[in-house]
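Two complexes come next, and they have one chain in common, chain A, joined by chain B in the first and chain C in the second.
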Partner chain A sequence: MALQISPKDTDLLLKQKNVLSADVLDKYRYAGEVTQTCLQYIISLINDSYHLGKHEPYSAAELCLLGDSFMQTLINGKFKKVIEKSIAQPVTLDVNDLVVGYSPELTDDEKTNLTFKVGDIVTINLGCHIDGYTSNLAHTIVIFPSGLTPPGPLLGESSDAIVASYLANETIVTLLACALKTEKIPNSLLNDKSNRQITGSIIRNVVNAIAESFNCTVVPTSKVRRIRRFLAGQAEGVVAERDFKGVVWSEIDQEKELLKRCNFTEDGEIISNSNELITIDQNKGRSIDNPDKAIPTDDFVILPGEVYMIDIKMAPINKDEPGLYTLESLDGKTKEGFNAKHSIFIRDVSMSEQLKLRNSRRLLSLVDKHQSVYPFKLSYVSENFPLNSKGNLIEQLNHIEKDVNIFKFGLNECINKQLFVSKAILSCKFIPLKEILKVPTSTGINGYDAANPTLPGMELPLPKLGITSLKLKTLFKYGKRTVVSRYVSTVALSNEVGCVRLSGGNKLFTPSWVHTNYQLQGSIAEIVNELSALTQDERFGIKIDECNVLDISNVGEEANDMEE
Partner chain B sequence: MPSKNSVNKPKDNMIRQRKSHMASKRRQRRSNTGVTIIKTSKGTNEIVPLLTNNRNKGGVIANTIISNKKAKKIERNIKYAEMRRNGNVNGKKLKVNGVVDIDMKEDGNNDNNTSGPKESAVRKALWSIVDGAKISGLTLAVASGEGTTLGGPSF
Partner chain C sequence: MDSSVSSAYTCNSCQIQFSNSENQRSHMKGEWHRYNLKRRVAQLPPISEDLFNNKVNTSEKKKKEEEEEEKSKGQNEVDVKLNAKQLRKKQREELLEKKRKLLELAKNRLVGNGGRVIMGEDGKMVVEKKEETTEEKNLKEEVKEAAIKEEEENNVDEEQLIKEKLANKVDVPVTKCIFCKDEEFENIDGTLEHLFKNHGLYIPEKRFLINKEGLLAYLYEKIGYGNVCLSCNFQGRNFQSIIQHMLSKNHIKIPYENEEEKLEISDFYDFSKSYEIETNEKDTLDEDGEWEDVDEEELENDEDIDGEKLYASDYGLHLPNGMVLGHRSLAKYYRQNLKPEKEWSEAQGTVMAAETRKFVNTIDTKAIAAQKRVWNREAKSRDTNDRRAQKFINWQPHYRDELLQ
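Moving on, here comes the complex of A and B:
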């Protein structure tokens, strides 16, 4: 169902408001600066408490809350006239196999509120928006043993994933910047030399090649996508987005890759139509074609004046047997093992309902008043949020905890009436191929998992084998948790100013000390080197303008107070 | 017993009872007419040829008359049921007197058996990867050179 909006409004909201004018770029830039500053703040908190041992290690919930509060204070600091500005992605700290969404509340018990261990890799993910112009950021760091410096680089599989995802992210940023100066695109990347442009398939090939050379795989839900005002992928799958532009990795690509590897049947005879075997019929199982361009394809060109979010997640490949890397959604219901509770929610603004409980009515009115279409946590609607640096911190934290406990009473009704949609907490799992092949396809191929919405066109994870996501869910018992490294950056491609990197960047944030035995080889090494050389020299190459951290002299005091 | 139009008529119960009754009747009928069940051919009769099966040497008088064709069918099915019970599912052993049971597919590798008949080309091709990995390992990127290092000795 599409909403009826007049053509005039559509033109204003989707086109004019998305033109990268100086005003808009200012908003983007400030959002970028806030995310940069907040990341630096969280890294400093982790360093102080875990590495330098200045005080007791913070738990994940405390770090998330301190980060959110810090970010909200910064957002409130500027653009006073803009009504809608808030956190666009609550601070999540995804440890090891967790991919997105782990952001416990203070009320969580010790089992679900983790404290990190030495050797863990933690992905800090956060984002904010000013007037709908969003900047998202994710950065993976390593928890080292405490001391003045790390005793040595992290080795092993986790480091493979970190290096691969970091390099892929940096390379794609440069590649996107090349869209502004198409003559700089490395020739080896282009199929057609006369037609110099960056397309979706180039991006996919580069990322896949980098992953392959580090013995990694690109985890499903990784994407390089265009973002627009209020459309930053915060409700993917819940709301279908028209004119989606982006490369998305999913299980479908892994299946395609596996099928490419085997040209032989069991009897040793070559399948003559091996080409036919690997091409996937995009229209199969779907009654509609793609009129609104809501189904992602690689068939697009990156144009100046657009803003892109690069979200690359990599997992090391299992060396023992072939298999599929997929995502399990944790719901906090079963008590065995680690199973985090949902803590991030989105208000589904298309739903309205008369609620029965007083607590739920209060929660709903607070959410409607303070939150917008972006995800939020229960602590955001507490009166004591953001924390006031001048007051007593412990007291405020206790108040927030108390408020969250009260909101929890009303939460269930809001979720049951579908006013709130909870954001999934995903964990990466490796499922051996042989277990998948043993499963029959008797349930039919049209069953889809309503609890975990996907982008349109990706409902069926393994279309060639005909295995649905519900069927795949039953195989998680054979699954093995796999570490994932993730880097997210946001890049604005402006015709006037050039490429502005809103978040991330190697000048501000050096990656953690890691070493892998693999290195880039062959053509991809040349391409990556060529691209990184372009960014070294501004005169002949490409200038990438990285957003700086804000001057936090007054907020800095607050940070110090918090640490005490 | 509440009347037909009563408000508190136990409608659910009645429907459930009727359905289970019908189901049991159907089950009964099916078991009577099933081809592998030898109830209908328990004895010897002029109309029914003597069964080769040893169990039926009882000399019980049958009270149902079945056709010659049906009798042949039953006989054949008993034979195959016996073989299945003995575990001779292998294709070669199945070939008795030049007859091959069409129900039994010739499946070489037992643990690669998928449960459905939908063993498609895709599945077969993917099984070859699994088997290939068992023998020769996965094709992986080779670690070479000095490797790659990111970052440096600081937090």
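Moving on, here comes the complex of A and C:
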């Protein structure tokens, strides 16, 4: 196959270009600043329309497009010589149970293009890259009743999830910063006091402990992973990258907990004998070799000079009933309930095909011209994108809508020929354990869901119970949707400059007003306190340099135009 | 004469009649008739016998006179007429004759002795010898002398040639073009540039050329003194002719293909630089301490380079990237739309370099190189067989239909 990169180029692209020099850090910093500014802009749009009532509430599609356009304008503003720079993660507004990928187009109808309701929790997720150096950001906000100040805090399950995910995110940022100053690592975290380093298992334990004390669970696909140039997890599943370094949470971890709990349950409905439950072991009789280190393990050490993305998703647990919190992929086909259409795509560069339709050929050439390895939306290849703040905004929006409608004609062929891979819209669902145990596994454990690829080594969601992802799909009808809160931030660990937080941070984005009945308990409380104390004082603790917002006096006119 | 009879025997070309066929036949064989025949072909009227006889007489007289004149010019000139070449030929023939005689005499001596073979006392066979005759001795001496003479003559010839050449030698300074001569350049680089641009003289391996002047002086000497063409070894009669030859045949080029040609001008080059690079590479490898591994890799790379060559087969041209361009003779069977090679952006390259899932089966370059070598060898042997068969397809010097024999 012609798709081979020589060892020399591989070394250059994967190693030398990832050395965190001042030049590279500048690009990372600018990418971080763009994401910060864009998040602030979207929050201000939501506040203006939903809370302050300055104008009609924006729909999700409008917010996404305005955010994308704003981000693209900022990206174009600096680093003019860099060819490859673009949106790395289209603005998505994942409402309540949606986890990732909800970013409707203007052409969507009322049913799939949501307007938020009071009490919704909305995760704004976005990201951009400059020359491949990527910054991702996600932040969860609460939609309050309109008014200058909310009448009271958000209560209930959702608030537990928000607090847990926020706290986990901030703690991990500090923990990563400790990798630069290993003497500051809290002693209670270390198993071996002489070997002071942050490992994957420490991160996993901390996050799990925080989730447990807030009665939450870490949703599958949560991860703390190293990102590299052009490799920021934008095509996980499609691409199995070598030297993957990161902690990944999946159904496998929940299964272990479930089986542990089952041992102590005296309930007649659930089989209490663990020996009967654990029937299939996926590792039995198979040799799992991991020569390229593509399968994630917790057995790694965080080193200075690396960049990490922290992506924590939390869902509140139903206390009464044990069960699995898993993700359902919405396909936009079934009519029942809410079902969003796929709107984000990734070009699979390894595929090439002669297309039949003129529209699809045009779309493909446009995409090949403007987009690279990061996900994109159809509106990005329109001529009117990004929106020009000086022109007539309504007209431009109409133009984009028209263009997207035309592109949709060609989209199907591109997807059918596997030139484009659509990014899944995932929704979190709770499946009771008793339903899982009922399902027969007649097909064996070798089937996997090709439509929703996962990271390598995680094709089988429940290895002990021997349930494939296809079987799990059949159980979604018994499932119950669960709210999810998500926080993402990107941290660069530079030896010279120290820890640079590219995105997120409580200086710019204070979390929404929520109230939870739970508190940190046990040893984890001490650890979190100790770590947060470290960040308070720069002299004796750790300095975390947060990226600020850009000066947007010349860009932020779109919102005003929109009001007219 | 009876008209009816007389009209039976005529000669149209001479416009005469004969009484009988005998006369006619004898006439037809005569010179007069032949002459008239030629005249008739030239569309001239025939001439009478008397006139013809007159003409013959006068022409014979002229010939005789000329011969006499020639004879009177003197005996000396006859010798001169036999030019040097013929003289030498004559001498050689004489010498050969003498040698033959000598051989015959010797043979006779043996035969005359009866070729007696006598059993010696100790059981050895002895051929009795007869003493040489004086005649034989004389002949031998003569032959020897002649041989010596010839050698001397040859030597004299060579010396003369060299002398001639030296006299005709054309010395052109290296700052001038040997072909144009009018222009004078500042330095040798100017000359080389002129030669390259105006006459297309390409200097091979310029990077390693250390003695430009020497090379150019050598080339000029070859042309100006040796009068030898640079590319085809044609020997010109003089400087003018060799220049004419080279200009008209476009032979102003230095052949640099086989080893002999390379060695000819190798004195002016220094290739040690090219070895240095290799040794440097090896040194760095040494430091790494991975001698063998890297060595193997190097070998592989070499093979790769070999494998990446273009080669043509019966059905197309094989490109280094594995594509095959179909031959145009196959155009009636299929149409080819070859895709242009795609260039990847850095982003795509990075993702591909990091990808492990799709491209797990990396291509075994060693195996492919070996396979290609086998194919090449097969193709080559097939080719030689074909050529051999073609060569011996017909043994017969003339065509002969076997059925008619």
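FYI, the second predicted complex is superposed on the first by the 529 of 564 C-alpha atoms of A that agree within 3 Å, B and C clash if a C-alpha of one lies under 4 Å from a C-alpha of the other, contacts with A are read in each partner's own complex, and residues count from 1 in each chain.
Rule of thumb we're sticking to: a contact is a pair of C-beta atoms (placed from the backbone, for glycine too) under 8 Å apart; a residue touches a chain by one contact, two chains touch by 3 or more.
Just so it is clear, the structure is predicted and the values come from calculations on it, not from any experiment.
Q: Quick one: chain B and chain C on chain A, clash or fit?
A: Taken together on chain A, chain C would fit alongside chain B, as the superposition shows.
Q: Just to be sure I read the superposition right, which of the two partners does A:V163 touch: chain B = first, chain C = second, or both, or neither?
A: first
Q: Going by the contact rule set out at the top, does A:K543 touch chain B (first), chain C (second), both, or neither?
A: neither
Q: Name the contact category of A:R362: first (chain B only), second (chain C only), both, or neither.
A: A:R362 sits against neither chain B nor chain C.
Q: Which holds for A:Q521: it touches chain B only (first), chain C only (second), both, or neither?
A: A:Q521 contacts chain B only, not chain C.
Q: Between chain C and chain B, which one touches more residues of chain A when both complexes sit on the common chain A?
A: B
Q: Is A:E84 touching anything from chain B or chain C once the two structures are fitted on A? First, second, both or neither.
A: The answer is second: A:E84 touches chain C but not chain B.
Q: Given the touch rule stated above, what does A:R204 touch, chain B (first), chain C (second), both, or neither?
A: neither
Q: With the two complexes overlaid on chain A, what is the closest approach of chain B to chain C, counting only CA atoms, in Å?
A: Least C-alpha distance after superposition: 26 Å.
Q: Per the definitions at the top, what is the overlap between the chain A residues touching chain B and those touching chain C?
A: none
Q: Which positions of chain C touch chain A when the two form their complex?
A: Within the complex, chain C contacts chain A at residues 321-322, 339, 341-342, 344-359, 362-363.
Q: Please give the residue numbers of chain A that touch chain C in the complex, ascending.
A: 1-5, 9-10, 13-14, 17, 83-84, 132, 228-231, 235, 239-243, 292, 294, 349-350, 352, 372-374, 456
Q: Which residues of chain B touch chain A once you look at their complex with the stated criterion?
A: 112, 114-116, 118, 121-134, 137-141, 143-155
Q: Please give the residue numbers of chain A that touch chain B in the complex, ascending.
A: It comes out as residues 47, 51-52, 144, 149-150, 153, 162-163, 166-167, 212-215, 258-259, 261-262, 264-266, 271, 277, 317, 319-322, 433-434, 437-442, 464-466, 510-521.
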